[in-house]
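Shared between the two complexes below is chain A, which pairs with chain B and chain C, respectively.
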Partner chain A sequence: MSVEIQSLDPRINRLGLHTHEPGSPDTLPPHDHWGTYQVFHQKKRGDRHTAVGIVHAPGAELAMAYAKEQFGRRGETANLWVVDTRHVMALDYADQDMFATTPEKSYRDPGGYKVNDKIDAYREKMSHEHTP
Partner chain B sequence: MNIPHKSVPIADLHREPLRHLLTALADDHLILGHRHSEWTGLGPILEEDIAFSSIAQDQMGHALGFYTLLHEHLGAPDPDIHAFTRQETEFSCCQLVEWPIGDYDFSLTRHLFFDLAAGLRMETLSLSSFKPLAQLATKIRGEVKYHMFHAKTMVNQLGNSNDETARARMQTAINRQFGLALGMFEPRLGEQILDDAQIAPIESKWRERWLEALNAVLDGSGLHIPDPDRIEPVYGGRNGYHTEYLQPLLNEMTEVFRLDPQAEW
Partner chain C sequence: MYGGGYIPKEEARKAVVNDDPEMLAAFEERVARGEKVEPRDWMPTEYRRQLIRMIEQHAHSDIIGALPEGTWITRAPGFRRKLALMAKVQDEVGHAQLLYSAAETLGKSREAMINDLINGKSKYSNVFNYPAKTWADVAVIGFLIDAAAIVNQVANSKGSYGPYCRALERICYEESFHLKQGHSVFVYLATGTPLQRSMLQDALNRWWKPIMHFFGPSDEMSEHTLTLMKWKVKMATNDDMRQQFLSLYVPKIQELGLSLPDAELRKDPDSGKWLFGDPDWAEFFAVIRGNGPCNAERLAVRKAAEVNGAWVRKALQQADARYVTPLA
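Coming up: the complex of A and B.
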């Protein structure tokens, strides 16, 4: 037997919600499930947009409206992007072995370059040129 | 809202009409903000719940801004006291904002109607010759821009829905509250005086611009408005005549405040 839900919140009571009969399956009315949009947030103009999370929405415009509230409601925001998740191509985690040996290839790290001498020389030259 | 704590001189002629204007704006935003907040936790989906709740908070912020102007420039009591201790008949909100939230189609349509009007009002008021109001309106304008983006997108989504029921429900919501919406533009006492002084236009000017803008918003949504000349506007709110729904709302809204009106928050 279903029982009307009593809450301390008067708004819940106004809805006249009922509990489900014990043992009966929870059946929701069929509806279209919304897809997801990836949200990218830019703090200041010129900064790159950073992936911050996802929102559910039926279209790009509403996704943008929701993104503004989920990810732009605190702190600074210059701009937002939303991208339909279906448009994102991702690697399969099964292929992660492609990167297995990368940490061993230290010769690709930029640590070996000795450029500071050149930079200092350039600074020196510039400061002379601009001194009257 | 950061408003300069400096009262500017206002001609005696303008004081009463300005008080009417600011009280109407403040009360509209306060009551609708409260109504919107009743959806918190009950929104149709999580994202929409958060968006609508945030809009409700914004409305409260706008109300505070207008009550603060009344307090600083026109000798009204402190905003909390002013908002929470008046009698029902002292409120000058339009009746549109008092109605219970109903189903989501009703609340959403009201949000569209109200914020479209609020956006136009803020746009004009940002040029008001009463500088403190111009500054406040400029601040509010940006927030209302987002409200309109949200309302417009949502209404278009439902209006163009393949689900015939959704479209029909939106159209019914529009038809049902159109007279109430026209009531937002009930003439205010002394409005011509403010218009002459370029403080704020008369309501009929705002009504005209609102109808134009509304037609533009609904264009392509599959929804339309009834002929405004054949719908009776629901007036009374600006003069303290309210629906049976306002007093219960005030009771609920002020319940905590009345426990201890002197409490420090």
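Coming up: the complex of A and C.
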């Protein structure tokens, strides 16, 4: 049986609420809270934008309003981006092994080109040759 | 703020579903190496189910937890206290938003979670089923409930599920502000007029039992519980977290000359463990089943918020919009 709620808070009493019966039909239909947007936050000018989380919104403008409130309410913020999650293409983690050999590609890194040994050996050799 | 990684007995006794043994072995190796699990990874059925249950409960606790404190915003003593309380309550709702998002990545929609909350199918922290009768309750909640929540959340932030850990990292940072402002209100009342002090002592007496309940009763160390610990879903036992909380905060209460309503509470010098009287677990279970002083009010207020906002959400709905599971 549904009973009227008696609260310590007069504002709640003014709502005239009644107890909710367990097992009653769902309050929210599917998609009632809209779709999702991915939020990217830039702390300072010159920094990169970093993915910080998501918001639910019916469109980009409201997504931005929620993003400001959720990800910009303390600390520094220079800029925010919001992107409809549908427009993000992501790799599957199951395919992570496609990158397994990249740490071994030293020919792509500055550290892969060490020549000081050669130079030292050359100078050593030269100094002997020119010594009378 | 949140109540416990407590696994109810009926959950702890469930058999673990048999998943593909090869995938399971690879998953367990990944977790043992300290690697995080990400949303679209293969994961054991039970891992997904328990994480949804836990993160969802955590989110519900934050959104319901905003209610007992929110009621004091209009009556906060002074402008700075009002600003602080508004910021704290907004943070709690923000935490719910972050946590619902983390749970959504596991495949349950936010609408489904809120429906289950309103219908009493999923739980939230028991402490929020008690009323905040005076301004001193705001001090006790902000200081001690948030402190207990931090103990729990710091443990969980080292868990294995990436999106939950990331949400908790941010949440723990904000909770430390809550704890500090709660402690400030607490100290001001404790060192204030005799009336302020007695108001605080009264609030402490009323809240001590729910605080002792916060981490839940001792865990049932079933095979199921041990599996969840191996998978880094449950990061510490309820008893260990309660001991940690008592060690950190009982001295901070006692240094202000306040008492706690448990004659048996003391630290055993030999074991270094806190001993305490029976915190009335029968009451804990009764409140979980829906028979606490404020269960009905909390759910009715939550439902009213959703129902009263429905026409706005509908008016803003766009025809081409479609729900997709968030990425992380």
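List of remarks:
Note that the second predicted complex is superposed on the first by the 79 of 132 C-alpha atoms of A that agree within 3 Å, B and C clash if a C-alpha of one lies under 4 Å from a C-alpha of the other, contacts with A are read in each partner's own complex, and residues count from 1 in each chain.
The definition used in the following text is that contacts are C-beta pairs under 8 Å (C-beta built on N, C-alpha and C of every residue); 3 or more make two chains touch, one makes a residue touch a chain.
All figures in this text were calculated on a predicted structure; none of them were measured in a lab.
In the superposition on chain A, A:Lys68 makes contact with chain B only, while chain C stays out of contact range. Once chain A of one complex is fitted onto chain A of the other, the partner contacts of A:Tyr93 are limited to chain C, with no touch recorded for chain B. In the overlay built on the shared chain, the residue A:Leu15 is in contact with chain B and with chain C.
By the document's definition of touching, both partners, chain B and chain C, reach A:His56.
Contacts of A:Thr36 after superposition: chain C is touched, whereas chain B is not reached. Taking chain B and chain C in turn and counting the residues of chain A each one touches, the greater count comes from C. The residues of chain A shared by its contacts with chain B and with chain C are 9, 11-12, 15, 34, 55-56, 58-59, 62, 69-70, 73. Within the complex formed with chain B, the chain A residues making contact are 9-12, 15, 34, 55-59, 61-62, 64-66, 68-70, 73.
Note for the complex: chain C touches chain A at residues 38, 40-42, 71, 74, 90, 94, 97-98, 101, 104, 109-111, 114-115, 118-121, 131-133, 166-167, 174, 290, 296-297, 299-301, 303-304, 306-307, 310, 313-314, 316-318, 321-328. Those residues of chain B that touch chain A in the shared complex are 38, 41-42, 45-48, 50-51, 54, 146, 149-150, 153-154, 156-157, 252. Across the complex, chain A meets chain C through its residues 3, 5, 7-9, 11-12, 15, 17-20, 22-24, 26-36, 38, 51, 53-56, 58-59, 62, 69-70, 73-74, 85-86, 88, 90, 92-94.
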